[in-house]
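By letter and in written order, the chains are A, B, C, D, E and F; residue numbering begins at 1 in each of them.
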Amino acid sequence: MASLSQTELAKADGVDHSPDLNESRLERGRRVLAEVDGEAGQKVVSALADIAPDFATYLFEFPFGDIYSRPGLDLRSREIATIAALAAMGNAIPQLKVHIQAGLNVGLTRTEIAEILMQMAVYAGFPAALNGLFAAKEVFAQQFVPAVTPR
Amino acid sequence: MASLSQTELAKADGVDHSPDLNESRLERGRRVLAEVDGEAGQKVVSALADIAPDFATYLFEFPFGDIYSRPGLDLRSREIATIAALAAMGNAIPQLKVHIQAGLNVGLTRTEIAEILMQMAVYAGFPAALNGLFAAKEVFAQQFVPAVTPR
Amino acid sequence: MASLSQTELAKADGVDHSPDLNESRLERGRRVLAEVDGEAGQKVVSALADIAPDFATYLFEFPFGDIYSRPGLDLRSREIATIAALAAMGNAIPQLKVHIQAGLNVGLTRTEIAEILMQMAVYAGFPAALNGLFAAKEVFAQQFVPAVTPR
Amino acid sequence: MASLSQTELAKADGVDHSPDLNESRLERGRRVLAEVDGEAGQKVVSALADIAPDFATYLFEFPFGDIYSRPGLDLRSREIATIAALAAMGNAIPQLKVHIQAGLNVGLTRTEIAEILMQMAVYAGFPAALNGLFAAKEVFAQQFVPAVTPR
Amino acid sequence: MASLSQTELAKADGVDHSPDLNESRLERGRRVLAEVDGEAGQKVVSALADIAPDFATYLFEFPFGDIYSRPGLDLRSREIATIAALAAMGNAIPQLKVHIQAGLNVGLTRTEIAEILMQMAVYAGFPAALNGLFAAKEVFAQQFVPAVTPR
Amino acid sequence: MASLSQTELAKADGVDHSPDLNESRLERGRRVLAEVDGEAGQKVVSALADIAPDFATYLFEFPFGDIYSRPGLDLRSREIATIAALAAMGNAIPQLKVHIQAGLNVGLTRTEIAEILMQMAVYAGFPAALNGLFAAKEVFAQQFVPAVTPR
């Protein structure tokens, strides 16, 4: 009914996450995570090394090698969804910060991110929105912002 | 830093939710809710009539008259955020269904909605994603789908 | 600093939940649960009989024999707290209904209960408030309301 | 059925939140927030100034200008509901602290606040109650307590 | 520090989930899901067919092909963890029922399952425990129980 | 149907939490908490002394004097359930750390604990699993690990 197979989607969709067929899930996951998160992903992997190294592999493979690599939804929309979900759940502030940065990396503006977080007041309450906005404030403050471009 | 005032945004943004300055928050909320939710909003208002009629007013005014009417984020992106948040929270299935329909109303495809819900497996777990997908299945099944267009 | 012992509180507090010193926690719990919930408590106990009979005992003893029997907070205030918490959590609608009825039993008006639930929109989002209000609507509809008293 | 309109409630209710009809929602919200939260509200507003200044306006208008200003439930009861909800949700400790202080401001005793938090063990588990009690301990410790009054 | 690689674990661990090296993640996932859930898994897959068929593949691959197939924790312990988590979260009753049945399939007794659910009262509150116990009651009632074996 | 009374269980079960019949719930709770948590329990009790001393009593009595002392589920299984639940809920990190240590105390290996936490990615999402693993990393780092034993 609703959904097409990956192959059909690949044809129907302009976005080129085009799976290199020789690329493993792990390789694809590493590539997409680097594209989305920059260095943040690598820090998590290092932190996992002595406690659950296989979990770093799963983190590349399933979220990024499988889900984020799918055609059918662009990365900008994926980051909107993730920022909204993490802010609404309210119990994963470190990951919310990573994805606020990821949102900037894939083209969301600061204003758009603030709008997403404000909207969460409607669905998850004012504290969730406030805590999301304060997380965004921290992320925005750590970025280099060239003098001419005000945001 | 990040955010512009509403007035500045109104200038910077192509989207025309342009507040008719003579329109009250309640009127604007009614208009935007009708645009987004169609008749679903009116059902909620009727259901509230004998228990908390003022809450129907707030429901028009704050979420729709204030938040959804803001420039700075288009309605398609707003519905992505709402579908993701409600699926991740997992305790508001009736409202999730309303916003899956709203997502279709503002131009999300069934495939895009399914992608958002699948992605929630990463952030809120597989049960949240499954229950979201089954909610979408119910909404999609109730829609008239003309014979030629497969989705 | 903040808290007095039960004995000191018993002296300082006008409310008479005065523990009959010969009364066991179980007996006290049964008495307070009957006072608060009427027959609803007994239904839960019966439903537990063939799966976890000891849990019914704990349900009398800890929440009602220990907590609700404490001086230091009146039952009306305790039910305000419980209704708010259950509506905000949003994943325990059957228990929310029991405590909406319990709220009426200990003297909250329908209006006051509706106000508590509406307020949850601020802290837990509009869906939590709406689902709470619809639960209240069901409870209120099942009550006998004498003709002269409009609520 | 249950609910009266604001106007009817204003008549039926002794509490004087009586809306000055010339007062805007924003003005009313500022006034009620100051009454409830003292300076805490102003800190939040300042913190929002460079990320989402309009959100500070919404925070005055909806929670305080609309909800807390309603007749039908006194401020003491409203703070019981808010403390209970935030402790039960467990993911908004900064806001819980603000409302523990607000509870003291509107007349709740330390003992009553501790009772509300302890009761949350029943509905949201012992960790939620413990984390709530530790938040209260921090708030109580920051208060000036005159020598004679033991709490 | 804590964790060994899969290969080391395979050596250190008596349990034989021994990955047939020619078996794909999908095949392994199908096999483990059938072992754990019996037919319940297949029903979910069928239900997903017309909305998100790829999600059924992920459901085989990641939870069952990757996680449940890992040595280092036996299936009985894995089901204890899953039943506890789903009961505590309280927003995934259908999945909780599936895993209560799965718990029985991998050797947990009804008494052990009831104990796990009762214990959730401590961590997630009495409503979460009660709703978990009622879910278990439904699952237990649907099972064939031969006359001689009392449970 | 499913459950036996405590007395029947005491007979059917090899584990000896055998209630000394002269032991009060409080004494039994203190004993079991010391067995499970070592000194962590005492710290919580001290921290409660000036805010809610009775709550420390309840903490001994209900979770440990009642629930953990029950035959029918061994302590190792109880700690699996608790670690899973607290990691999945994601809003009680201090208590999760206490129970990761308690899990080690009752015989879970570091590997088993890491497996439980990784598995939570399936049910509560990758952030819940990651935050649980990082909590475990902190607990493991604070332990004395003799040179010869690699974990």
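Things to note:
Rule of thumb we're sticking to: a residue touches a chain if its C-beta (ideal position, glycine included) is under 8 Å from a C-beta of that chain, and two chains touch if they have at least 3 such contacts.
What you see is a predicted model; the values in this text were computed from it and never measured.
The minimum number of touch steps separating chain A from chain F is 1. In summary, the chains found to touch both chain B and chain D are A, C, E, F.
Looking at which of A-D and A-C shares more C-beta pairs in contact, the answer is the pair A-D.
More than half of the contact pairs of A-F, counted by residue number, reappear in one of B-D, C-E or C-F; that pair is C-E.
Seen from the C-alpha centroid of chain C, the farthest chain centroid is that of A. At the interface between chain B and chain F, two copies of one sequence, more than half of the residue numbers in use are shared by both copies. Of all chains, the one whose CA centroid is most distant from that of chain E is D. Fitting chain C to chain F on Cα positions gives a rotation angle of 180°, stated in steps of 5.
Centre to centre, using the average C-alpha position, chain B and chain C are separated by 34 Å. Centroid to centroid, with C-alpha atoms defining each point, chain D and chain E lie 42 Å apart.
Each chain gets one centre point, the mean of its Cα atoms, and the points for chain C and chain D are 21 Å apart. Residue numbers of chain A whose C-beta contacts span two or more other chains: 1-3, 50-52, 54, 58, 62-63, 67, 70, 86, 88-92, 95, 114, 118, 121-128, 136-137, 140.
Taken pairwise by the contact criterion, the protein chains are fully connected, each one touching every other.
Those residues of chain F lying in contact with chain A across their complex are 89-91, 114, 117-118, 121, 125-131, 133-134, 136-137, 140.
Considering their complex, residues 88, 121-128 of chain B touch chain F. Interface residues of chain D, counted against chain A in their complex, comprise 44, 47-48, 50-52, 54-55, 58-59, 63, 86, 89-92, 94-95.
Listed in rising order, the residues of chain B touching chain D in the complex are 1-3, 5-6, 50-54, 58, 62, 66-67, 70. In the complex of the two chains, the chain A residues touching chain B come out as 1-4, 9, 62-63, 67-68, 70, 72-73, 77-78, 80-89, 92, 95, 110-116, 118-124, 136-137, 140-141, 151.
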